[in-house]
Amino acid sequence: MRGFSLTSRTAGKLALIGLLLGGLAPVAQAADEATISSGDTAWLITASALVLFMTLPGLALFYGGLVRAKNVLSVLMQCFAIASVMTLLWVVYGYSVAFSTGGMEQGVFNLNSLVGGVGGMFLRGIGPDSVSGTIPEAVFVMFQMTFAIITPALIVGAFAERMKFKAMMLFSVIWFTFSYLPVCHMAWAGDGSLFGDLWGVLDFAGGTVVHINAGIAGLVACIMVGKRLGYGREPIPPHSVPFTLIGASMLWVGWFGFNAGSALKADGSAGMAMLVTQIATGTAAVTWMFMEWTFRGLPTAVGIATGAVAGLVAITPASGTAGPVGAILIGFASALICYIAATKLKARFGYDDSLDVFGVHGVGGIVGAVLTGVCASTALQGVGYAEGVGMGAQVFAQIKSVLVTVLWSGGVSVVGLFLVDKLVGLRANEEMETIGLDLTEHGEEGYHLA
Amino acid sequence: MRGFSLTSRTAGKLALIGLLLGGLAPVAQAADEATISSGDTAWLITASALVLFMTLPGLALFYGGLVRAKNVLSVLMQCFAIASVMTLLWVVYGYSVAFSTGGMEQGVFNLNSLVGGVGGMFLRGIGPDSVSGTIPEAVFVMFQMTFAIITPALIVGAFAERMKFKAMMLFSVIWFTFSYLPVCHMAWAGDGSLFGDLWGVLDFAGGTVVHINAGIAGLVACIMVGKRLGYGREPIPPHSVPFTLIGASMLWVGWFGFNAGSALKADGSAGMAMLVTQIATGTAAVTWMFMEWTFRGLPTAVGIATGAVAGLVAITPASGTAGPVGAILIGFASALICYIAATKLKARFGYDDSLDVFGVHGVGGIVGAVLTGVCASTALQGVGYAEGVGMGAQVFAQIKSVLVTVLWSGGVSVVGLFLVDKLVGLRANEEMETIGLDLTEHGEEGYHLA
Amino acid sequence: MRGFSLTSRTAGKLALIGLLLGGLAPVAQAADEATISSGDTAWLITASALVLFMTLPGLALFYGGLVRAKNVLSVLMQCFAIASVMTLLWVVYGYSVAFSTGGMEQGVFNLNSLVGGVGGMFLRGIGPDSVSGTIPEAVFVMFQMTFAIITPALIVGAFAERMKFKAMMLFSVIWFTFSYLPVCHMAWAGDGSLFGDLWGVLDFAGGTVVHINAGIAGLVACIMVGKRLGYGREPIPPHSVPFTLIGASMLWVGWFGFNAGSALKADGSAGMAMLVTQIATGTAAVTWMFMEWTFRGLPTAVGIATGAVAGLVAITPASGTAGPVGAILIGFASALICYIAATKLKARFGYDDSLDVFGVHGVGGIVGAVLTGVCASTALQGVGYAEGVGMGAQVFAQIKSVLVTVLWSGGVSVVGLFLVDKLVGLRANEEMETIGLDLTEHGEEGYHLA
Amino acid sequence: MKKIEAVIKPFRLEEVKEALAEVGVEGMTVTEVKGFGRQRGHTEIYRGSEYTVDFVPKIKVEMVLSDERCEPAVAAIVKAARTGKIGDGKVFVSAVETAVRIRTGDREEAAL
Amino acid sequence: MKKIEAVIKPFRLEEVKEALAEVGVEGMTVTEVKGFGRQRGHTEIYRGSEYTVDFVPKIKVEMVLSDERCEPAVAAIVKAARTGKIGDGKVFVSAVETAVRIRTGDREEAAL
Amino acid sequence: MKKIEAVIKPFRLEEVKEALAEVGVEGMTVTEVKGFGRQRGHTEIYRGSEYTVDFVPKIKVEMVLSDERCEPAVAAIVKAARTGKIGDGKVFVSAVETAVRIRTGDREEAAL
């Protein structure tokens, strides 16, 4: 398979971690020996299932509960359709474009530092005996696919209750192709990749790739699609807060697959990733709760769930390098800042980010990405920096990757939405919006309870 | 333990896969050495939990959402009760009848090619140190139990909203004993078994054993129990489409336990099983969505979820032998054909298969079983056929196993339902059906929302 | 890290099991060699996720469905807040107080037989390369944290629909600190611990630590907080039985993490723990169903779910030592006795244990703890007793641990609730209770369905 | 003009609607209600407690129509809603003074 | 015949039902409604937004009865529904011309 | 006293409430109902079956007021509820004989 090598994120990330951890065996070689570890495989299969579970039904419920009853199916359907379509695209070209390493060279910047080739379309050459690191490559393909599914699914929260299904589908395909795949490649494709190798950015489980990427797309989309009818004038309460809490719980549980799975092994790094994920999440939830209690007079269920998600988002890039104390710091900061973003900032600028995709994923992702540079410090129980790198340099690298992601995703989103608008129109008409998208776009009603 | 050997499905299936994969070490010996792999065990414990999760709450919700609010508990209760009763029966005699290999000999047909003995009742002789392949036998017993639970639970969708609870329980016990256990034995009991050994049928995770078996029983049952009052005249809409989508999501996620778990190891075969499961499911969901969009004018949430389940069903027997391209083929074909079965066929023949057990599991199972024979071909990225077997022969073997399963399950169902009808009557009376089974059979109402 | 050793529950429990299993290698040494097994780690990471899943959303839904719609969020929120706060407390001091072994010596009773020290606050000294048994210590910390989360969360069922959120939070913190941590230490801290070492009590996964501990606190709390307005006079039906059944299903599935995870390895002991858990649960569910069918005339959905939970509770302490037949016995007995507790006993004494925390967890926990002593017998397929111990002695040890737990938790609860009442008042006022806690305590409504 | 209010069994709604269409009634408003009367309710069981619900689900159909259409409409409802079992429900008629169609401002009979 | 419509606080329904039974009212129809009046509603908070709900859950109880039973029934409702706090609700009485029992075709007082 | 019953489109409720406040109506009772009329319903699709729902969600607003306030209130409702499209709904007025405020026992106009 010319131009398409199996060496992939595994190698890139493991090399970095290997470097950081110092004392351990030179894991960078692991990718060369084709030995499957049943333990690592067991965990990664499970982790992949957990990350899919985050989207279906986790995210679908988290979002579905927050919209009005007349639009609940539209949200669930969008998550389902994205999961299905991205699965196909991933197999056809996504995995290849994201992870093929043809033309890449350690320390060298070229086009392939930004994006991979299409030599591995249709997963050509991948069989049950292909190996990636210590796991079957099929499992690596699957694990990464679940990330490629949830990221566009995250965006739908921003334009919920008003965007046309057809437009949403088209935009998702465009954005996936031109924003998700390149940013993923830059971060995780290994030697020669812009973020991961050249800049030495720490993004263990997808702060840039997933959360900032999606958060910015959400912000652009909610502005370009426009506000919901009646936004700001009439109440648009969640139709089922229990669904939102179930969804948040599933996100929480599934996120262990996301973060601890990103170790690509069932080892101490995975274990610590799980632990710091839990700590940051708990801290963020508690922080949000007390913020509301203090500033609103009451702690709310939607609030604590949102806080938990903010913590999950922010710890994501740091989960492979931060320790318990760093996790507390990240959890606290993310809840604080996301709280402000979702309550004050949105009100101030008046965009209708329906389910706070930008406020939680965009802002939380940025907070996390930057603090990852801080919390890798051994002074905060972190694993330390690569040789010759200090906190300042690391934070600077983190910020650079944030900026590139913001600009890249923002640009792709603007152009993509513009095109889709020309092609099919972005927005459901007033009558459809008033009646609800469930009936008008899908011919169904969520509930027939009587 | 005379007449009851621990060598079981593990050996049978691994031998076959071992043969197919060629180059790998002779895994057929694995069953002889009593070494437990912690990685394989970790995965199989997890897989067992995932398969149970498919029934509780996955299937229960998928079905529960589709019925009217007045019957939601009856469906949930049926799934719960089946899970509980089958657990007991599996321990008392089920595992023994399904998997004991006494009297079996490679290549020889006799009574024990169809059914096992009762020497292992009450799991006699199985302790924490019993081994099956590379996992504790307790885990194998548990994993297989979850299949024995979901299969009868699948059937309840066919006669939902009208069958008596007592009749349902009796029928489930009869059908489990006389149809599930033998078909399971024929497919998976190892050397000497009719499908698995003598005919060389490929059924990795239960196309015949689970889906065709249950689908046919559903068809027979819905015909013998009769249509719901008002069927075809008045709308019988799902009471909670969100529940159905949550359920479908859980089935999807849990199915990785079903299919990748059926490798009985955490290896490349499991990894590829997971990947093709995902691919077929995504493809089928997309296919169904576009079929509806084209022929109905709107893509529906219930539709995309049904498509996903059709894909899951169809890839099940093929998940150990098909590759990515084969998975796309299977996903596409199953959605296409199940769509026709669930919309046209049912309307045409007028049976009331309430939740399309036959249309999705029966038909999808048959499509999958046949295409398994096709997609094992290396031309479609499959693992290839056993020596001396070509595509034609394999497909023929597949078809034979389908026919036996159809006749066997159909026969047992007819006789079983006839007996149960004589004993306690199959059907709730008109008043009960009008008021709903929740109140009349269980003394409860699903919701008290006000 | 003086006074705080990594040797912990792992060692204690494994030593005991090792003793019991006899023939196996001397696992007690496992804690000394710092080798991580990827298979064991894979399973324990998964198990931790499963146990968190039991609380969020499992328990939250199980309880949330049983209350009235006006209080659903208060229950979900309590579970969420407890999960978050306990996460922090566990990191800050909980893990240290529960598992530090400083001052402990095999066979010697002293203060540290009851409670650990605070030398390990903020998880000092635990990094990605810290090892506990064959898994990373981070994973052990995480796994145990999920137990520390669910236990106080269990209690909220007893005073649901009337206790103030603030009071609930305060009480949870007090009870966690003074009852959960010590009882956990007594049972699982290893050599020198009162239950685990000195008395040789068998409590594999938390009969005393979790269920009796929480059940007694629930009983005390529901008495001290007082009955709900209208209790006994007007119907207080569950607002969503489907939620309760989904929750029960998630508890069931997650419990495999709880029980099989408590083996701390992916081995035969874990496998058998999973199997007996399933068997006891199925048996208990069936038993409860038939009890209701016989004595009430109808089998109910809430009933079968409650039966399942009773079985799960009772098998918990026995899951490492009982065999299939013992599991049937435990399942049957627990359903029988809990049925009487939840229906007759409560009615008789007139306390308002809203969701039967005492009736199911307290009583089921006691039944299980005592029968653990019986079912370890090889005559019932159990793993047998430690050398020199007979059934009588074992049962006596079990009973002693039950009594200590009852008194300890009861005492802490009485004092804790008394203090909290003085500080902030335990109970919402009449108007709040009438309107519902969702609106009055959290400013939200569960549903806006129209 | 008269207003007819009919409380009927839920599963007879379709029949009643059709019967009314036949006598020329083209508009109506329907409400889910709970009825209390001779028809007994049901018993529910939840773990420890068992209780009786006296209220039975019913549908209330309301329509305003001209005086001369009233009797045929009442007759149509009674015929279509009757099952002969206790709990079939009631029909009540009262006077209405004014009717307005919001869309057009049409008044009285013209508004119906 | 008269029709009584009472809008009450939901948690007084049981008391009202019993009080009505004592004065011989054997049938009634109950609807969940939202009331708007002097009693203020509540505030809800969802992340960024906070809003006031003016409508308060109420129960409407309707019954038709003979003229002479009307006043005792009104009195019974008022007594049973009263808590003395704002929002206790209202009772309205109007005339009904015809009543029919669907099951039997009985008319007027006999239909009640 | 008069009773006004208005059946309106759900999303006009806020406007109607405000318009009524302007003409001095301080109390009302609101019910979710389903309307059947000229406005056609919608079609739903569930796998094999497709069916038409004729009933459209509506809101019924009821208020009792003194005779002189009646016409202004009707006018206010009509104005606020009108969108000009089919299905805007109806307003009906009928006579009410008695009104009681449960909390105080006040009668007639004083009760409103």
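For reference, chains read A, B, C, D, E and F in written order, and residue numbers begin at 1 within each chain.
The criterion applied here is as follows: a residue touches a chain if its C-beta (ideal position, glycine included) is under 8 Å from a C-beta of that chain, and two chains touch if they have at least 3 such contacts.
Predicted, not measured: the structure shown is a model, and the values here were computed from it.
Trainee: Chains shared as neighbours by subunit B and subunit E?
Mentor: A chain counts here if it touches both subunit B and subunit E, which gives A, C, D, F.
Trainee: Contact counts by the stated rule: is the higher one at C-D or A-C?
Mentor: Counting C-beta pairs in contact, A-C comes out ahead.
Trainee: Over half shared numbers or under half: where do the identical copies subunit D and subunit E land at their interface, same or different?
Mentor: different
Trainee: For subunit B versus subunit D, what separation do you get between their C-alpha means, in angstrom?
Mentor: 47
Trainee: So how far apart, in whole Å, are subunit E and subunit F when each is placed at the average of its C-alpha atoms?
Mentor: Going by mean C-alpha positions, subunit E sits 18 Å from subunit F.
Trainee: Could you work out how far the Cα centre of subunit B sits from that of subunit C, in whole Å?
Mentor: 34
Trainee: Could you say which residues in subunit D touch two or more other chains, in rising order?
Mentor: Answer for subunit D, listing residues that touch two or more other chains: 31-32, 44-46, 50, 94-95.
Trainee: Send over the residues of subunit C in touch with two or more other chains.
Mentor: Residues 37-40, 42-43, 46, 237-238, 240, 266, 296, 298, 300, 302, 443-445, 447, 449-450 of subunit C each touch two or more of the other chains.
Trainee: Which of the residues in subunit C come into contact with subunit B in the complex?
Mentor: 21, 23-24, 37-40, 42-43, 46, 50, 68-69, 237-242, 245-246, 248-250, 252-253, 256-257, 260, 265-272, 274-275, 278-279, 281-283, 285-286, 289, 296-302, 304-305, 308, 323-325, 328, 381, 383, 447, 449
Trainee: Once bound in the complex, which stretches of subunit B touch subunit F?
Mentor: 235-238, 292, 296, 298, 300, 302-303, 306, 342-343, 346-347, 356
Trainee: Which stretch or stretches of subunit D touch subunit C in the complex?
Mentor: Residues of subunit D touching subunit C: 44-51, 53.
Trainee: Spell out the residues on subunit A that touch subunit F in their complex, using ranges where they run on.
Mentor: Counting only subunit A, the residues touching subunit F are 230, 234, 434-435, 439, 443-445.
Trainee: Within the complex, which stretch of subunit F touches subunit A?
Mentor: 11, 14, 42-46, 50
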